[in-house]
């Protein structure tokens, strides 16, 4: 069903990799509801995934950007505003990655360089993205910026490893930057934690993700893209 | 008043700089209650502060350690266990620093290299410390590890800047590592958020801290050491 | 704008009194989106308010019910299922009343009989309502039951008086009954806390309600109907 | 071990029934630490339990009081201040009772008169107690009032039944009255939720309570006295 809820709305969607990505499903629904968007992901993720198929299907442009690099984010935002001829209405940040998870390191035996890498990709990228959007004044009033979080940001899910800490940092950024974006630009900043979701192992990413009947009991990490 | 509550207990106290440090006051009280401890701080902080006075007053050893360096932490823990002839009972992590705060950068205009530095000092150091303690099996059962946090970890305090995000990460580490330390070693891991506190500008640190009657209204950052 | 989002959905809306009621505004929007509903309120509230106007405008039946009386609730649900020829999809519980607030009693000097009355109307009515719906199996799977709460249920808003405690009880009922309604009937139970809202003094109710720029600072009770 | 921590402190302890009561254990420890107190419980509970043994052991007076009756509470507080020759320093409210739990009613099939009775005993009694203490100005500055709560006040524990809702109301009272008691009298008001505890079925009370390894998974109601 489609209700044309997003007619006339323009945005950017980060993190679609393949059909199992939450960002992929979100992009399909946004398209159905009449929204337009630019798709983006890291260059390496674009080579591994099938985002070009999604771009064709949704009649969208695909602009590579490493979300840890300010210059890539600036380029992405500039191009997006050129494409749409003005400011944008929504941004979805669906980015997460832990090298420690990928490499199977236990939380009591982490590699701290990998910890820093995952933190930069999964959490700091959200601050960099918002700082660019804010400084370029790229968002329309009452626009919406959403990042995907996980309940492990707030309660203990031992197997979610350092991604739990990254999501806690991400949610704190949402609170901190949300204050300024709301007050100064009338833009909403939120994070969403999905319900238990059946996802699949992402090839080449190495995070086995299985169905969890209850987020209270076992670890159910969202797809790391 | 002293009740001898900590008679026979041995530990490590991080972060005492001068009489205004929470760690300094804590060390004095632990001493009064019969506890023994090693004092530690970063080499540069030791040069700036007066921790040697506290060491004399409390009859404690002073061992420099950069809490961002695993080898310094290992050396500290090894020496502490040598001094006390066995495992330890308590650790206080009272470490926090934001270069962005020091340099007066606004939250919407952060330097992300400085963000990474503050995160490493203020939050990751807690993981590194616990990972060392855990792997060396350095804590007695029912021992206690405490880090100082701040309510800005959980609610929006706009002026606390990226320290809010660092404290959110710190609290997440406490939850994540606390699960394993509790289950495997019967050691408790907690963070404490102080009540509104009258502290003073720390010379050379540059964080003006003033009395706040209510943590709900205004930013009241704890001393950054 | 209307998107036909609720086409084919049938429900019950409690608590519309006049145009300033949240329930009134909700009913108007539900009607615009294609939903059908029965309106209900306590007999005394119906005499004081203008709900018959809303019923005409939205082509709805109006069935009086004292939400503190099980027999009234049973009659309401039976009649509603007769009207719609089957089970229902949504229920809005927008009911709140404190005699202590009305009479200007301070929280440190409450009348406990009035406290019991307000608790029965504002909170227990939600349990009674759900118990009737559950036992009659009156909700369609994936239906939704929503009660209006307020942030004072979770944080201290001194002027909200015993309504804060009533809302805390209401939210607990939502958690407790939501577990069984979800597991047994696939029905969702939630409470919603409004943002700061400009409402007006409700004649005859006596709760002065004024605009609050920030729910963190001052009390902003929702309209008590 | 005893440290004389409560030397010179005087208070009231509600809810000791037998050796399995948390209030009983607390009274023993307070006595060991040098505190003095009046013991109290409902007349019927006094007949069923062995509180007179505890009174002898701790050299305490035993004053019956139905905590749902303001006149009983006033009499209790007046007598306590007479006994100690002045204001008091601490109060422990360890009172909880659900007729629905006792009678084995399921949460989806509650008797609402019993619900009201349990709410009055378990939650409103705390407001009545504090209102008496506040209006009589019976507490010394920096005194402490503590009620026993349970994690079910904040998260869903289906088997805890309407006691969950009662504890949610109790915690809200603590927040609401704590604001005024703190601001006006410098008295602290808190609730404490115990860790998982091995208790036993209380004869005549009918609440089977078993050991729970984790409060996250199963219901572990505290002793209902």
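Order of writing sets the chain letters: A, B, C and D. Residues in each chain are counted from 1.
The criterion applied here is as follows: a contact is a pair of C-beta atoms (placed from the backbone, for glycine too) under 8 Å apart; a residue touches a chain by one contact, two chains touch by 3 or more.
Computed from a predicted model, the values in this text were never measured in an experiment.
Any chain that touches subunit A and also touches subunit D is listed here: B, C.
Summarising the inter-chain layout, the chain whose CA centre lies farthest from the centre of subunit A is D. Remark: subunit C and subunit D have CA centroids separated by 33 Å (rounded to whole angstrom).
In this assembly, the C-alpha centroid of subunit B lies 48 Å from the C-alpha centroid of subunit C.
Centroids built from CA atoms put subunit D at 36 Å from subunit B.
Shown for subunit A are the residues in touch with two or more other chains, of which there are none.
The residues of subunit C lying in touch with subunit D in their complex are 70, 107-110, 112, 115-116, 119-120, 123-124, 127-128, 131, 134-135, 153, 155-156, 158, 161-162, 164-165, 167-169, 171-173, 175-180, 184. Looking at the complex, you find that subunit A touches subunit C at residues 3-5.
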